[in-house]
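One chain, chain A, links the two complexes that follow: it is found with chain B in the first and with chain C in the second.
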Partner chain A sequence: MATVSLRDLLFSSLLSKVFLPPRAGIYFGPIRSRSIGYRRNFFPLKSCGERKLSTTHSSEAKCWRGDYAQLEKADIEALAKLADVSKPTALPSKRSETSSVCITSADQLRSYNTDWTGQFHGNSQLCLRPSNAEAVAAILSYCNQKKLAVTPQGGNTGLVGGSVPVFDEIILSMSRMNRILEMDEEHGIVTVEAGVPLSRVDSFCRERGFSFPLDLGAKDSCQIGGNLATNAGGSRYIRYGSLHGTVLGLEVVLADGTVLDLGSGKRIRKDNTGYDLKHLFIGSEGTLGVITKATFACYPAPLGTQAAFVGITGDFARVRHWLLDARRDLAEHLRAFEVMDAEAMMLHRSYSRGFRDPFREPHSFYILIETSTGITAERAASTPLETWLEKMIRSHERSDVIIAQDLTQSAQFWQLRESLPEMVRQSGPSVLKYDLSLPLTVFYDIVEVTRERLRQEALDAHVYAWGHVADGNLHLNISGTAPKAILHAALEPWLYEWTLQHGGSCSAEHGIGLLKSHLLARSKGTVTLGIMERLKAVMDPNGILNPYKLFKTCSRAE
Partner chain B sequence: MSVPTLRILVGVKRVVDYAVKVRVKPDHSAVETANLKTSMNPFCELAVEAAVQLRERLGAERVAEVVAASIGPAANQETLRTALAMGADRAVLVSTDNASAAANSPSLESEPLGVARALAAMQSRLNANLIILGKQAIDDDANQTGQLLAGILNWSQATFLSKIEFEEQSDWLQVDREVDEGIERLRLRLPCVLTCDLRLNQPRYVTLPNLMRAKTKPIETRTPSELGVTLNPHWMITRVDEPPSRRQVTMLRNVDELVAKLRQLGVLNRS
Partner chain C sequence: MATVSLRDLLFSSLLSKVFLPPRAGIYFGPIRSRSIGYRRNFFPLKSCGERKLSTTHSSEAKCWRGDYAQLEKADIEALAKLADVSKPTALPSKRSETSSVCITSADQLRSYNTDWTGQFHGNSQLCLRPSNAEAVAAILSYCNQKKLAVTPQGGNTGLVGGSVPVFDEIILSMSRMNRILEMDEEHGIVTVEAGVPLSRVDSFCRERGFSFPLDLGAKDSCQIGGNLATNAGGSRYIRYGSLHGTVLGLEVVLADGTVLDLGSGKRIRKDNTGYDLKHLFIGSEGTLGVITKATFACYPAPLGTQAAFVGITGDFARVRHWLLDARRDLAEHLRAFEVMDAEAMMLHRSYSRGFRDPFREPHSFYILIETSTGITAERAASTPLETWLEKMIRSHERSDVIIAQDLTQSAQFWQLRESLPEMVRQSGPSVLKYDLSLPLTVFYDIVEVTRERLRQEALDAHVYAWGHVADGNLHLNISGTAPKAILHAALEPWLYEWTLQHGGSCSAEHGIGLLKSHLLARSKGTVTLGIMERLKAVMDPNGILNPYKLFKTCSRAE
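And now, the complex of A and B:
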């Protein structure tokens, strides 16, 4: 378990520009590690204390509170009643001890008001946890009439501040809508409510011999609704593609309380009848509607999977050769291809308890490859992965390969890759995270130029890189003792400009949220942005759904 | 007197993978094992690693060969391949594939007495003077094979080991056993049977070059009758049930409540 040092507390208070001593106390954030029978890692978030946040201006969002109503006592009572429409839930939510519908105590609200990275703190006075779509509709209808702002929230594991309020928006938590409604094994279709944690759907499908098309490191805490609202990518993207392709139907509640059935529960795959509206909501980050139900296509799980961990010495061009070859020789067998660099492995050496170096000597890059095995002849000499790996190491001398012999070893390889966000969080008081899409030709160049830039500015910070390289998705993390504001000033907007110039995206899978709202215009251009804003105005005229996120709105109070 | 060379026999078992969640069959006759991923028993991995480490520590002159053996169907060759890839020199499969229908009960491979007899027969063929096994298998948790084997061979045994050390140029070993009260230190002499516990070592990952080399190492197949062993089942499993679900956990707020609760349960006497 990581401990919060005095330096951490001091930095967090300095950087947030609030000169109040932080309250002595730590609390635990959501669980983010993939675990099979391993002890889960709880990571304390930085204490935010009983700070008096300004109620009209947010330094984090750099804007003023919008023209929304103030939450009155009468509103709280009315909403509590609306949220408590009686329909039984299958399981109590893991996140709080009580399964209450309406939360108003500051203590309990703290974890809802703070995001996973500890950067963003809201000041919501009310969290509603309805258990069905009718209750959600009633709540939104009321809030729309009264012009009360609402922030929908799932597992609160987002990394761009999109899941927590900026001011006093009402938090609409989907945690109690956690039933898996239906699994149709013949059609390979599963229907779930939006508050189901991803790991539960994943194991549900696996038990029935199916593979859910989505998998993330945060699977134990993140919820399906949030995954959809952010169009989550993850490590199975290479095999099953984007959620836009694997979602068959949604049920969404609009800002005015209309329950929109966009094909949830349907058992057919192809349906070209009019504009396919569900795609609007996937990736909309809770600004166009609240997703309450989703139907996914899931695929029969492969008979077996095999994982290998490869260490490569040399430059990034070798990784590209390996990727190209893997795609060609392994074809549909390839299920995952993840990369991490030497610095990221050093994170493990420094911060991972009981870390075991997989290889005798350090390498420049490490690749995790997972393949599926279909039906094979009995006593087949080698699996496709082994045959391909034998071919690869014959032509690449300075590479080491280990092959997992059982599921526990596969899980250990995955742990090396998926626990990196937690390792980097422990590594330094200042952590900057970037999630970029880049063409493979310049994939690692950005890491090297970032290191060079930090060296030129003589800043004490390390650059760690890992990612879903097969999708061109780089997770660039900078951490060190240099103050965060200074690192920020040194790297932005230069890093984003570099990415855009080289044809990349500033946010591959994490989304825009609050953190990157200033980049939307730069990324998409004013014309496209204009159409997005018009669409938002049509769907949510009062602007009550997750305000201040996505679009850089900056209204001033009169 | 010259120090005897070691001929190490390691027994390995193929079991349902440790990470897989198993279920009881609807008729409660057995655990559902069809189509589940199987791999080497984790304690057998420790045994293979121990044998390979002994050779690395004592040198190839001292350790003549490390042989891995398994009793079961042809699928066990996968498990033997892993043992070879970890460093065993050759492997033997005692095949139960063509056993008679009656004898082919689900517990046939599992029964420790049959396995011990087969391993004893293997020992005499190979002239092994050190046998290393895992302490138990994770499917039956029997924890009997090593002990039975030592009895059949009339050899010394040391079980639940967390440390194995040979004395300098001698056929005496010093071992640490994990027992309930702590660690027990024993000194025993070859020939002997050792069984391994978790803290003995950390089994190595299989590297690709070793896996490739393992494909050229021989896996012999023998039948029980060739070895002069009959594997007759002695057990009949009458019923399998899941363990009862845990009772409600009560959180107590302070020591006074704890004392009151313990008194209420009659655990603490009023004194």
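And now, the complex of A and C:
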């Protein structure tokens, strides 16, 4: 059991309101009013938790730095001037105590040099925090001419080491470009700067009766630019789909300082004049250009939403059955369908003091479902979710259902799901995280074969599984007492090979970064990789943007 | 009044069933069962209509052919062999009487050389119709080495001259690659070859309880590959969004014969391993590669759908009000919101013999709305659409509403909208068609200023307007007795300048092709255009793929 923290207490006391007394069966509650629901993050994803993860990825040893220029004092002076074209309208960034445009002190640089997982540490001597695209352009133009390497950085919440320097790259932080520029309610379009935290855009839209198309656990810390650069998925993917479908325009600064206006700030949804270049930058992990502004479609919030937490006993085929049925019957009402397995629920039992099981007896799987209630709900005897759950519970005797009675309860269901990454971080000391796409036919098989493999290797480790099952996106987490390198050697590359052989992807939504750059050629094939490299050469001929990431110019230190 | 055709009679007799006797007010009907509805095209878009449009775009005169090789007899023999790696499973193509792999006869080549609008005529001596990607690769590899130009062709239903040769390019028809390869119902994923007509995929999905994400008027003739190459929009865009969001994978053959597998046939939705190259090809109009296979997400069909036809009196602000309200109140139920103006409805009066107005009195605008009925509809007193229309009709006294009573009536509403392109073609002799994106604030202003401009120029012409108003996509049609060149001179470039100055796009969904290549630089700016050209050079260094299109290598003959 972990030591008790204020967060544990807060979390457990809230949970007890929901789950005391726990009763099996189906529970009804009122429909919540027009809102997507307010989900508090009790565990800010930026915090590092009580226990430090072991840092096996001190990357300096095995990488080749390349022939980038060394940063000199004159460069710092010149760049500080170029960066400081500040606009007084920029809001103070929550993240940093300072509003400095140019950071050079070792103390202040530490958090910019270290990634969220604590695995990756850079050694940058300079972090620039410009407040507009012109300053970004001036900085990049200077760096491109001098061949100084640059690491663009958003909220630094990525899990694959993509947002921190490997050596002494200049950090280009977007955190001062944090303005929501405009919302056009008639067109359902919002335009923001790249450094706005996701939760702020989300709240901004919600207050105006709209759903922002993206939501994810790190929302309080992650930034829109980083979300775009990593093509973030998250829990609304099931409803609004990929960012490639919901981003209407971008402003991007290329390595040579060229500012590309790719439809940002426009009030149109369709534009078939030539290649749609914005898609190249979505998911390019800062290697093709720096996103400075983005325009999104946002959607009218449903009249009401309702969440339920379901316990399912049996094998994974039952989850697939529930999902298939939900997709068909709930159709346009379905807004979320998240799964966690019994082991993942065990994390709550182990790390939330006073946690009481939501159901009388434990189940094999737990599903969090969220639906919209629809325009006719107030005239009907029951909501779409209630109608559907009534049907499902009749044919699945060993299933339990709790329907959220209000917004608070709904938020608590979401906490059960969204606090898992932080919980698993506490569970260490050694934690390996995998973010896989898999066909549903083998979605949970990999969890079972991973457990079996660890048993065979006589390694004492837990395998926790959760994810956006409706999108085929599994978050597989291995946590054990053995040194991380031992766990790693037991599972890789076997686990990735298994994934690829079963038609999956080695990175569903976290990207490649530094951690997975050795997997890119195997994932894409050499032909596609060759084209990617040629596109990179077109956009960034000197290779100054986020070097060592994505492409295997720097092998992972292991 | 046009001469009476069989189609006119059929259309008018069907309409009379719906609209006789016409009554103002609100009409209720039963919810239709689980189906997206079957919309027959009485006017196949491939047919040329009774009157030929004048052909002002005989492009040979003013274009520079470039230094592409001349096709020789030995090339034809070699290419015929490379193309003929046929698979016996390929279905006979509806379009051509022959199942020939290699077409060289002038008679048979005529339809491949002429575009749907009748404006563009090529002079190709060879059409190849391979039945698999390997044959496409072999053909392109040969052509690339010999520097023979190639025009990829789908259903040849485009409106901007993108799918026919300008000179003697070899036509690479996809019509024999017409197999639906696989549907995975659990994953909601369908994989098809590029030459499958849209309506066949649509029916295939519907029969299995799914909605295909794309629908448009030309669905019986257009092909999936062409839809992708032109980034087709259509009437389901409001519900399922852009193809960039719904295409999960592509197979593409590059100019040098390289076959790129960009996730086609996979059962996963998320893959963040490297640049997502498929997006480059969506909307590239056959200039970067030839799409041979595609995998789409398809969506569970709603439990029921319901359509209504609304007449609105007053200015366009009222349409905007109805749209805004529909978006908010109908939210996830809204599946279509199409507008046509009073002039467009006049087309029906003029060209459908026996047509009776749906409402007692004419209106300024007509809206076609389609909604899903939702899971709770059967328990509720009224459907979402009925509930909403009741509210709207109370506050808009001079509006009339008819709710479709069954699938047939719903299909007839759709005919009123989808037959407009064919009607305007009959209305000539001179017809100019514009496909614009515009902010809603100025969406209809352009119609009014265009009418005013024609009046000032003393030109006798009608301006018909309809479109996917919810997506800001206006189809503006000018039809008059003056020679087309006169109308053209009166409106261009003024109309496009007006569009760009008001934040619009000169091509919402039809693309650039040959017709609008002179607009690309003005639309994109020279910087973005320069990057497009560099990407083209990476993918197709010899420029053999669909030359003269998109880029202004061939000025439009005027």
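FYI, the second predicted complex is superposed on the first by the 482 of 558 C-alpha atoms of A that agree within 3 Å, B and C clash if a C-alpha of one lies under 4 Å from a C-alpha of the other, contacts with A are read in each partner's own complex, and residues count from 1 in each chain.
Operating definition for what follows: a residue touches a chain if its C-beta (ideal position, glycine included) is under 8 Å from a C-beta of that chain, and two chains touch if they have at least 3 such contacts.
Everything numeric in this text was worked out from a predicted model, so none of it was measured.
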item: Contacts of A:381 with chain B and chain C, given as first, second, both or neither; value: both
item: Chain B versus chain C as contact partner of A:390, first or second or both or neither; value: first
item: Residue contacts on chain A - larger count, chain B or chain C; value: C
item: Contacts of A:304 with chain B and chain C, given as first, second, both or neither; value: first
item: Contacts of A:356 with chain B and chain C, given as first, second, both or neither; value: first
item: Partner chain(s) touched by A:405 [first = chain B, second = chain C, both, neither]; value: first
item: Chain B versus chain C as contact partner of A:525, first or second or both or neither; value: second
item: Partner chain in contact with A:315 - chain B first, chain C second, else both or neither; value: neither
item: Common interface positions of chain A, toward chain B and toward chain C; value: 303, 379, 381-382
item: In the complex, chain C residues that touch chain A; value: 186-188, 209, 230-231, 233, 237, 241-242, 244-246, 258, 260-262, 266-277, 279-280, 282-284, 288, 297, 299-303, 320, 324, 327-333, 372, 374-377, 379-384, 387-388, 437-441, 471-473, 503-512, 516, 519-520, 523-525, 527-529, 531-532, 534-535, 538-539, 550
item: Residue ranges of chain B in contact with chain A within the complex; value: 17-21, 35, 37, 39-40, 42, 45, 74, 77, 82, 85, 202, 205-209, 211-212, 215
item: Footprint of chain B on chain A - complex, ascending; value: 36-37, 207, 303-304, 308-309, 356, 358, 378-379, 381-382, 386, 389-390, 393, 400-409, 411
